[in-house]
Structures are given as C-alpha cells and as structure tokens.
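Here come two complexes built around chain A, the first alongside chain B, the second alongside chain C.
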Partner chain A sequence: MSKVEPREASPDEPEPSKAGTPTWRGATARPPTPDGSPPGTGAAPAALAGAAPEAAPGALAGTPPGTGAVDGRPRPGAPPGGVAGPGAPPGAGARPAGGARGGGRRSPVRRREALVGLAFVAPMLVLFLVFRFGPTLGAAFLSLTDYRLSGEWTFIGAGNYTRLLQDDLFWESLGVTAVYTALYVPMTVLLALGTAVLLHRTLWLRGFFRGLFFLPYVTSIVLAAVIWKWIYEVEDGLINAALGVLGAGPVDFLGDESLVLPSIAAASAWKGFGYSMLILLAGLQSIPREVAEAATIDGASAWQRFRWVTLPLLRPVLFFVLVIEAIQAFQVFDAMYVMTAGGPVRASYSLVYFLYDSGFKFFDFGYASALGLVLFLIVLVFSLIQRRLIGREED
Partner chain B sequence: MARLRLPVLLVLVAFVTVTPFVVMVLVAFAPPGGRTLPGAFDVTRASLRNFTDVLQSADITRWALNSLVYSLVSVLLILLFASMAGYAFAKKRFPGREVLFWAFLATLMVPFQATLIPYYILVSEMGGVDTYWGLIVPTLANSQAVFLMRQFIVQLPDELFEAAKIDGASEWRVFTTVVLPLIRPVLATLGVFVFLWHWNDFLWPLVIGQSEAMRTLTVGLATLEGENVTINQIMAGATITVIPCLLVFGLLQRYLTDSIATSGLKS
Partner chain C sequence: MKTGFKRATVPLALLTLTALTAAGCNSGDSGSAANKVTVWMYPVIMDPKANAAYWDGIEKGFEAAQKNLDLTIEQLPWENRDQKLATAFGSGKGPDVVLLGPDQIPQFQANGAVQPVDRAIEKSRSAFRPAALEAMTQDGKVYAAPIYHTVTSTLYNKKLLDKAGIKEPPTTWDALRAAAPKLKQAGVATLDYSASNEASLNMSFYPLLWQAGGRVFDESGKKTAFNSPEGVEALTFLVDLYKSGSVPRSALTNANLFTDHALGKEQVAMGYTNTPSDAALAEKTWGKGNVIVGPALAGPKKQVCFGMPGGLGINARTKNLAGAEKFVAYMTEPAQIASMGRAGGFFSPRTDVSVPHESAFAKEYEAALAHTFPGEPHPAARQLMALVTPEIQAALTGKKTPEQALEAAAKEGDDLLARQR
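Coming up: the complex of A and B.
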C-alpha cells in the first residue's frame, strides 16, 4: 500500500504538461514518471479510484476540489471501499457504485484512464485553482484585513463589516441597487413575456422578429448606455426633441433624482430582455397544444386561457427568469458608470459602483472585498430562493 | 380586426427595438457641426466625417486590435481547454471527478464583482496589469463552457471513442480526430458566446488595462466622452464597436438563439 502523506497545499503549482498530477502526487507522494505510466505499487491507483465517490459528500464545503478529494481519502491501512469485494462494502460512505467498479479497480486500464482524465482536465483545473477558487477564498480573507495599495495589511477581524453597517454610503448604495432591481426586473420580464407571447402566437416572419428582438442582447451594456444617454439628453436628445415637437418638455431624465433610476432601468431592459424572451418562448412552446385547445372548447377567452392555463404552466420558467434578472440587476455598474457616473448626488450610485470606487479610487481593498462578500451573499439568497421555489414547483 | 392586431403589435415593438440602433447610425453619419437633430434625419447629407474624425482623435484602431486579441484568443483557448475538460468529465473515470465538476459549477454562484479585488491583486502581483495575458488568462476559467461541453459529450455513445482506441490511436489523437469533429456544433455555439462575452466585457478590461493603449473598444467607447469629442463622433465610435457583434449575430443567429432556449447560457 502506498504511503499517503499530507499534501503540501500549493494551489498554483504550474505543471502545464502534466498538471493533472497534483492530485495524483498528493495520494502517492510521488509524481508519475514522465511517460505517464503510474509509479509505485499497483495499489496507488486503486486507492485513488476509491477516493472519488467517498470524498464527494464531505468535500463540498468549498475546499479546492483536487485537494479535497485527496484529503478525504481513508487513512492508509483502512482498505478503500470495495477492495474486500463488491458484496461487502467496508468503510462508511462506500457507495454501491464504488463496489460495482471494484472489478476494474486494479487494472492498468483503469489507472491509465484516470491519468488521461486528469491530464485532460489539468489546464482548466489549474486555471480554476488560480483564478477562481483562490480569489474566492482570497476575498473572504481580504475582507478581514485592511489591505492597502502598498500591499501592507493587518488582520482586523470583522472591522470592515462593522464599518459597513455604520457607513451611510453603503446603505445608500444598497437602497439604490434595490430600487433599481425593483424597477428593472418587472420591466424586463414583462417586456420579455410580452414579446415571447407575441412571437408564440404568430407564424408570420417569426424567425425574423425573434432575431430582431434579440439584437440588443448581443451588444454591450456600454453601447446601450452610450446610445440611451443621448436619447435622454435634455439638449438635442431624441425624446426631448420629440417632446419639443409636441410642445412638451424638456425632461431631464438623467439629471432628476427620481427619474434617473427608471431611465437607466429602461435602457438596460431594452438591452437585456432578449435573453428572458428566448427562455420564456421556449417555455411557451413546451406547453402542449392540447391544453389550450381544451380550454378553448370549454369556452375560455384568449385572456382567460393565458391567465388560467398558460401562466400557471409557465410559472417555473417565470421564476427562473425573474431570479436570473434580479441577480443581474443587483450587479449593475456599467450602465451607471457610463450614463450618470452615479449621479445626480449619488441617486444612481449602485453597490458595485461603491465597490469599484472603494477598490480603485480609494484603494481600500479590504473594505471593497467586504462589499464583494455582501454582494455574494445577496446573490446567494436569490439563488436559494430560486431553488426553493422551483423545487416546490416540481413536487 | 383581431387578426391584424398581432402583426401590428409585432411591427410596433420591432420598431421601438431597432430605433436606438437606427438613431445611432443616423447620428454617426450626420454632417458634423450644428445641432444634431433634426439634421441627422436628412440622409441626403450623410457623411463619413465623424468616422474619420473619431479615428483620428482617439486610438480606436488600437482599441479594436486589443478587443480582437482579447476576444479571439479567449475563444480559442476556452474552446480547447473546455472541450478537453468536458471530455474528461464526460468520458473518463478519475478520482475526484464528481467533486471537481461540482466545484467548477459552484463558481457560477459567485458573481465576478464579488471577487474583483482579490482577482486584481493576484494578477497585479503576477505583473499582469496592462498586459494581454493579464487581460486574457484569468477569464479562461469559464465554468459555463466546461458545463456545456460535458453535457454535450456525455450523450455521445462510448463506442465512437472505443473504436478509435482499439485501432491504436493515442488519447490525444482520439480527442483531436474523433471528439473535436463530433462536437463541432457546440464549438460554434460556445465560440459565438465567448466572443460576445469578451467583446462586450467591461469591468475587467477597465481595471486591468490602465494605460490608454491597453483599452478595449468597449472601455474606450465608455471613456470617449469628455475628451472633446462630439456626439456624432461618439456615435460613429459606437457604430464601429457594434459591427463585429452584428456580423457574428447575422452569421450565427440560429445557433445563438437555439442554444439559449435549450441550455440557458448567460453571461
């Protein structure tokens, strides 16, 4: 049996060609030979093969996965699940799947397959370790420090968080973001639902119109913001020019504290509704035709059919779209950066804008990280609500 | 009457949807100087002056080059790495496979902005500020790409790969000659998405490309204002940035819209 040593946790060991080996090395304490044939005793790969299913439940707590899987292995000496034979799974957590695979466990074919698999995942794994898992843990850590531009820092515990709670700017930006979300989500989803229903009902040039409605979605928010900023302009803007012809206006859409958020939300809704429209359209098309037909035979009007037949059946898709758009809305930044720079008087100063300023204007990295974590928690709550609702829907 | 209502509504919504694009183009081609409206609607006086002016006053060609490098290199590398990882997750048994796949997916829950600061510190410590690699490499860890690849490859029958292996082909050969051709439709779809994500990306290029020469077109467009540029020139710049999106969209519209409906891909 190979010796299992504690793995030196270095998430970023760059071994481009054989970078799949960290996990492997952790378990065997020996790197494979360059030609890829496994080193050490034949037991090593068997141990590795057993690690996967057993480690799965325990390693979910956010540890870097490669390491988690290996560390979750049984101690040396404790036989890996399934070795004693498929019929008698010994260790706790040994699942039937492990036993079923016991036959091939020791074969060089399996060992080779594992190596090949790891080698193929390796480039992505390294990228994820360095640029996803690392920074995520880093954010949590940074938020507990007063990390500055100089790179100097001290551990200040919950200092940033208590400061957040007392910071008017934080509450203001949170309020702005919440109001923006409350405006953007209904606008976008109603627009998406309306266009989806229109497209669903029509056969005339459906592909053409679908493409047309989707067009704004493939452009950038920056582009949308630049165009709409001009559309909203007091002097010479499109809307005010039209209002002028009618003898009304001018309206300062982006300069008025109570108009600025609805105006930005409308521009963003124009840019973003195409995505939800496609999802909702797919949802509509998955509703069996017979259901609507039955309702028609029962004498239901078009509105009644929509309200009492289509809408309830569409509910899971609607929930999905609502939550996705809400998550999107809570991260708003680009539109405000371009259209208003957060103004007037911070009336459009969003949470991410505050985060951006804290980090890249005041170089208060620890504080900005704490803001990032708050954002993450909010998004997480949205996701959990979604799971809840959709889960219940499926029951 | 009711029969007519539907098409009329459709045309109306379509009109509102394209109006911002139309006015962008009109203003971009309007004769410079004077009031923007209503002169912009006089198409007989269209001119290219705003385009030549904005190309002179800002380094748009350089920004366009940066955007192209950022988008195209990312597309190529993400397609390669994600299809490799997707193949392994779908067809190879290796230790930690389930956990790893789960962990890749879990990163979808973390908004990019939430980790922006450590991301930036990391890349800046590595010397990646104002470099192409600093811009590109961190964005390659794309979990949606891996997920999409795995979901597609997992439904391909094993026999396809086994046959090639029995013929003595190496694993890499199987991958390049069997797997890659089979997944061409996903490669196309994902390629379009990754291109658009990167071409339209704003926050990351904004913080990592600090010199003017390292701006992407999207960042450049956002910073055009206030640099003594007229609205006509800004719209000319905007028109330039949107051309690649429209090209990609025009060519691959079907791939794009179908895959959202079936897989819910989202930036």
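Coming up: the complex of A and C.
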C-alpha cells in the first residue's frame, strides 16, 4: 500500500487499539466507571476487586470511599491492596470506624498512616488525573471550539452541539450503537450467567474450565475480530463451509445489513463474556448454601431454586454486570473497525466510529470532542441509574 | 505600585528571554545556524534497515558534494503525518525540507506553510513527467519537486484465465464484461474490488470514474462532479458485475488488500489497481508463470490508472532557503532518482531517467506509468471519500440504484464542500 499511496498509507493502517477509544477493557481501557461502584455495595464491588484481573479499575472505582478508608483505617498492618478498599466489607465502612477511634483530633501516627496510604494510591491518582480527568476537561473545552489541524481555533460556543443534533450521521450512529447494545448485552450476560452457573456446579477441573472460558477475554480484540471475520466470510468462511455441507447458505454475515450487527455482537460476546462470568461466579459463590438447602427441603425443584432463590440473591451482581456491559457496548469500535469498517452502508457505524472518523480522519477535533462528551453523558446516565438502583437494593 | 510592577518586570523579562532563547534553540531544527539543513523523511523504503542505510548514504553524499552544508535527515513515521507537520509548521519549528504528496499540497499551500520550489528545479524542469509536475502545482507554482513515482496497473491470474479458456487478458471494460460469464462458468469471479470504508477511493471507484471520463470535483473545487452520466456509467459497470457475482461478495469488507483477500486467494481472476509489490507477492503465492501484469485498464473514454509522485517541499519559514534548495536539487538529479527508485521499488518521475529494476514486470509498470493519474487533490478529499463509500455500498447491495446512490453522495458531498473554510 505505502508504495502507491505513501500519504494514505498512514491513516489507512493505524493500530486501532491506539487510534480510537478502546472498546475492550485492557487495564487502562476500563470504561469510565469511576463512580460505577458505589460505597458499601457489598457483593458487586467485592467481587470486582476479588475477581477482576486488573486491580486498577477497582482502585479507581474505590477512590471516593477509599479516601475515607485512607485516613480512617485503623489497621496499621493493612496491606497496600486494602488501602483503596472497594473490597472492604460493607459493614466495615472505614469512616465510622475511624471516627469512633479517633474521636476528633488526629494523632500524628494516624496522620502518617494517612500519608502513607495516600502515597500508595498516589501513582494511580496521578495517572487518573493526568490521563483521564485532564483530557476530559480538555475535550470539554475543545468541544466549544472549532479547533482545526492548522492549530487555529475560535470559540464557537454550543455550535458543535447544535450541529451534532442536526447531523443525520449522529442519529444514525446512535441508533446503530443502541441496537448493538440491545443485542450485545443480553447475549453476553446470558452467556456469562450460563457458564458461571455451570462452573459453579462443576467440581471437576473447575479451574481449568474457568481459565478456558476466560481465555477469549484476554486475547487481543483485533486478533479476535480478524479471526471472526474469517469465520463469517461469505466465500470460504468456516460457517458458510459448514452450511454448504448441509446444502444451505451461503449467508453473507458481514455484508447483509440486518445480519451485520448480530454477527459482530456475537463475536464480541464471545470475546467479552469472561469478565462478567467471573463476577457472576463470585456472586454465586457468595450465596450461602443454607438458603438453597432450605429451599430443597421445602421441595423446590432445581429450576425453582434457581429462579426464586439464586437469581434474586444474585440480583445486585447481575445488575452491576448489566450496566458494565452496557457501558462497554456503547463504546464499541475496534470490532467494527476490523470486521466491516462500519459497512455495509453504515449498518455497523457506531458512535465511537463516527467520533474516530471526525477526529482522526477529518481532523475536526472540536466536533469529535463534542461527540465524546455526549457519549460520556450517556455513560454517566447509565452509571447513575446503576448507583440508584443498587443503592435502593441495599436499603 | 510602581516598585511592585518594577520588581515583577525584571524576573518576567528574564523569564521571557530564557523562554525565547530556549525556543530559539529548539527551532535549531529549522536551521538557526546558516549551514544547517533539516529534512523530514518517512519510511518510503519499506524495509527499515534499507531505509536507514539509504538515507545515511544520501546524507554523506550530499555533504561531500556541498562541503559547507550540514544535512540532517530525520526519520518520522507515516502515522499522523499531517497532524505533526501542521503543528510543526504552525509553531515555526518545522524542517527546512519535507516529503510531500500531491494531496497534501492544497492544504499546506493555502495555509502558507510551504513555498514554491521552482528555483530548485530550474535546470531539470523540462525533464519531469508533465503529469508529475502538474500534480505538485498550485496556482502555477510547483510546491514539491518529484523524487519518485508510484504506479498501479492490472494484475491477472493466468491459471484462472486459462481455466475459463480466456487467451487474451481483458484490458478494456468491454473485454471484461465479455470475459465475466466465462469465468463464472469456471467458478471464479472476474474483477477484484475494495468497497470497505477504510479503502481509498483512489484505488477503487475513482479510477473507474476517470476511465469513464468523469471527475470527482469540478474545476472550482467547490462542488462535486461525480454525479454525472460518466459517474453513473462507471458505477453501473461495477454494480452489474457485482450483481452477476463477477465481483466477489467479500469486496464489501476489502480495504485494498491483496493478501488474504479474494485476489490473493485465487478466487478472482484480475485486479486493476495493483501495486508492484502485489505482483511480487503474487509471484510467490501463485507461482512464477501464473502472474500477468497488464496495461492500465481502459474504460469507454480513457485508459487510466492511479499513481502519484512523491516530492520534496520547502518550509515557507526556512532560515536556510539556499541550502534547502540545494538539497532539493540534489535529490532530483538522475543518480538520486535512480537510486531512490531502486531502493524503494518506485518509478522515475523524470522521462530521461529510468529506474533499473530487477522485477520481471518492470517493463509493464514502466508502460503503465504513462497512464497514471495522481488523483484530484482537495483539502476535503478524504472526508468526501467517507461520504461516497457508503453510497457505493448501497448501490452494490441493491439498496439504491447507481443514480440514487450518486445523487445522495453528491448532495452530502456538496454540503461538505460548502462547509469548508
């Protein structure tokens, strides 16, 4: 490529993982849920801290309650991991405990403890401020300007936002994103719940199967998308070859406007369900056995036990997973970039893809920032709904 | 009050002075010393080692020829090239000389970031391919001196043509249409196409448009021109082939790639925008005797293929104009044109120099060079592509007729051009 169009070779072959907003969670790519895990949620954040492969989001998420824990935590010997403390059991809310002990003025020892604690969270806090908070503010400012490649800009107020609301592409991509979310979230959560229940019951080689199911989650998304693209291929893909043997097909999974989103969602669900599975598994394991036993004695069938005992007890965890996956789905980009480039006819052109094009292809940074903030607001609303509903659950 | 102000003035002045000096040092880049010339180069030679070795040699060769000049060639990645250049130009820290393509020039020229190189190529001017110079020209002045030329042409799979009993590779639209049913009977598609949104239209739809005699932009550059009888003819040609299965279905997700796509996998008999490196790869995978490189595809009006020059431009704010011009002149000398083309697999932008190639297809590509068209440079060219591609997809999938698709694309495109500043 670069031989013919050296100029075009650059934006044509960017590394998607670098280029856009990452969709799948790497350690740093975790969606903005800083306030996603409210204080004292019990099972959900505990499971997050316990099961999540990255401690980072846990620590981040825990910052608001964690700060309290830092100055108030009465255990001098507490391991550093406990400092950020989303894993703190709900009852052991650090602030009341600290208040009871300190009873007013802080002793020098406790102040030192606080400083040490702060030192431990400082790297994460600084990273968060510099790479999350700073850019967010920057984007908010950019979204009010018409900043262009030449570096020139003028303040245009809400211009980008009014343009956005009148832009058919915005509504189209919002619709695509919503449909994708509606497909991806149930797929992922059902898959995660199914495997979690199976794993919970399995005693044989449980660790092996858990690892096996988690494996797709830690594969590179670009790699997974490329392989799924091969599987879906219309001329000689795996599925169509199988259909051919059965005398059916070929089905153009990625070329048909009505099939493209379900196909991408299925591939993404395969890639992403491992995370939710681990959280749900932790949730299942935290349900006391006695409850199920009592139900068995009362004569409940396996289905009844699951439906009327396990599921209600699992609800907070399930809800957490639903929201996390929905936020995830709203930021979909990489899979679409690799598999369809948004096609056919923009049938898989998501909000983040639109943002990527506006910013990195058309260098319309102000407009792209406005889009980013709108996406941020959508995700924020999701987080708030989660907070409210789970908070109510606790009451 | 006065003293307070005074007290603040001295440190402030000192600070400003330091900052200025520091800035001055930084822009040592753009040759604050009169004998320095800084060049920004990109990996034009794909093998990184060969690239480094080549430019190292150029540095030494130039400094030996120009004893009083100190040349520095900085290697930059292709990624975010425009962004980095714009930032550097904007802050006055850009290089003296930089590699530019025809599609970059309108934007940078309009912003006053680059200056004409006419003086540097004074002596060799008549030797350049007219089309190559024209591609680098804005308002009658040349803004980049061509140092290499890229080319694409048709590529055929002989095995598949033989299978369908086709002796003469189809080189015109009519011949292609006639060959399609035979190839279909033999179980393969005819024409490779890239309809992905990440594919450049310069290597997919636009060549067909030009072959039909159409244009992307009108003369003023303020309106699109592809929604014309020629445009409809080009798109209809493509859509008919797609509907009859002669353009592979996987075209929708192909982004001008050869490997792992229909052409590379021998599912389709020919491509029409293939690079010399595609041909080299085909030789390896299909076997030597199975690769045919043909002339540029001919449509109803023209025989055109895509190919463009790469050239050297000069920073409008360079502090060493004479040195920069000397380097540009040096790179356009026959010896450098030949060595550059050889190292990078490029062709010559000069009619009096031909690059010695070992490739079996050098002669065919050399012939295609006469039909290359460098595209229609426009500051909004890329944005327009993002609007046109989905409409072409809509026509291919049958959602719209070619007329409806082009009309919709033209409407969106004209809106886009009206928004440009």
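Convention: the second predicted complex is superposed on the first by the 263 of 395 C-alpha atoms of A that agree within 3 Å, B and C clash if a C-alpha of one lies under 4 Å from a C-alpha of the other, contacts with A are read in each partner's own complex, and residues count from 1 in each chain.
Just so it is clear, contacts are C-beta pairs under 8 Å (C-beta built on N, C-alpha and C of every residue); 3 or more make two chains touch, one makes a residue touch a chain.
Computed from a predicted model, the values in this text were never measured in an experiment.
Visitor: Looking at the overlay, what does A:343 touch: chain B (first), chain C (second), both, or neither?
Guide: Only chain C is touched by A:343; chain B is not.
Visitor: In the superposed arrangement, which partner chain does A:311 touch: chain B (first), chain C (second), both, or neither?
Guide: In the superposition, A:311 contacts neither chain B nor chain C.
Visitor: Under the stated touch criterion, which partner chain does A:236 make contact with: chain B (first), chain C (second), both, or neither?
Guide: both
Visitor: Per the contact definition in the header, classify A:375: touching chain B only (first), chain C only (second), both, or neither.
Guide: Touch status of A:375: first partner only.
Visitor: Return first, second, both or neither, reflecting whether A:248 touches chain B, chain C, both chains, or no partner chain.
Guide: In the superposition, A:248 contacts neither chain B nor chain C.
Visitor: With both complexes superposed on chain A, which partner does A:291 reach: first (chain B), second (chain C), both or neither?
Guide: A:291: touches no partner chain.
Visitor: Regarding the shared-chain residue A:361, is it in contact with chain B (first), chain C (second), both, or neither?
Guide: second
Visitor: In the superposed view, which residues of chain A touch chain B and also chain C?
Guide: Touching chain B and chain C on chain A: residues 233, 236, 337.
Visitor: Quick check: in the complex, which residue numbers of chain A touch chain C?
Guide: Counting only chain A, the residues touching chain C are 1-12, 14, 149-151, 229, 233-236, 250, 252, 254-257, 337, 339-346, 349, 357, 361-363.
Visitor: Considering the complex alone, what residue numbers of chain B touch chain A?
Guide: The touching residues are 6-7, 9-10, 13-14, 17-18, 20-21, 23-24, 27, 35-38, 80-82, 84-85, 87-89, 92-100, 102-104, 106-107, 109-122, 137-138, 140-141, 143, 146, 171, 175, 196, 199-203, 207, 218-219, 221-222, 231, 234-235, 238, 241-242, 245-246, 248-249, 253, 256-257, 260-262, 264, 266.
Visitor: Using the touch rule from the top, collect the residues of chain C that touch chain A in their complex.
Guide: 42-44, 46, 77-83, 86-87, 90-91, 99, 101, 103-104, 107, 111, 150-152, 195-200, 202-203, 248-250, 252-253, 255-257, 262, 265, 267, 273, 275-277, 306-308, 310, 344-346, 382-383, 386, 389-391, 393-394, 396-397, 399
Visitor: In their complex, what parts of chain A are in touch with chain B?
Guide: Touching chain B: residues 23, 27, 48-53, 55-56, 59-60, 62, 64-66, 68-70, 101, 110, 113-121, 123-125, 127-128, 130-136, 138-139, 142, 147, 194-195, 198-199, 201-202, 204, 209-216, 218-228, 230-231, 233, 236, 238, 241, 270, 275, 278-279, 281-282, 320, 324, 327, 331, 333-334, 337-338, 352, 355-356, 359-360, 365, 368-369, 372-373, 375-376, 379-380, 383 of chain A.
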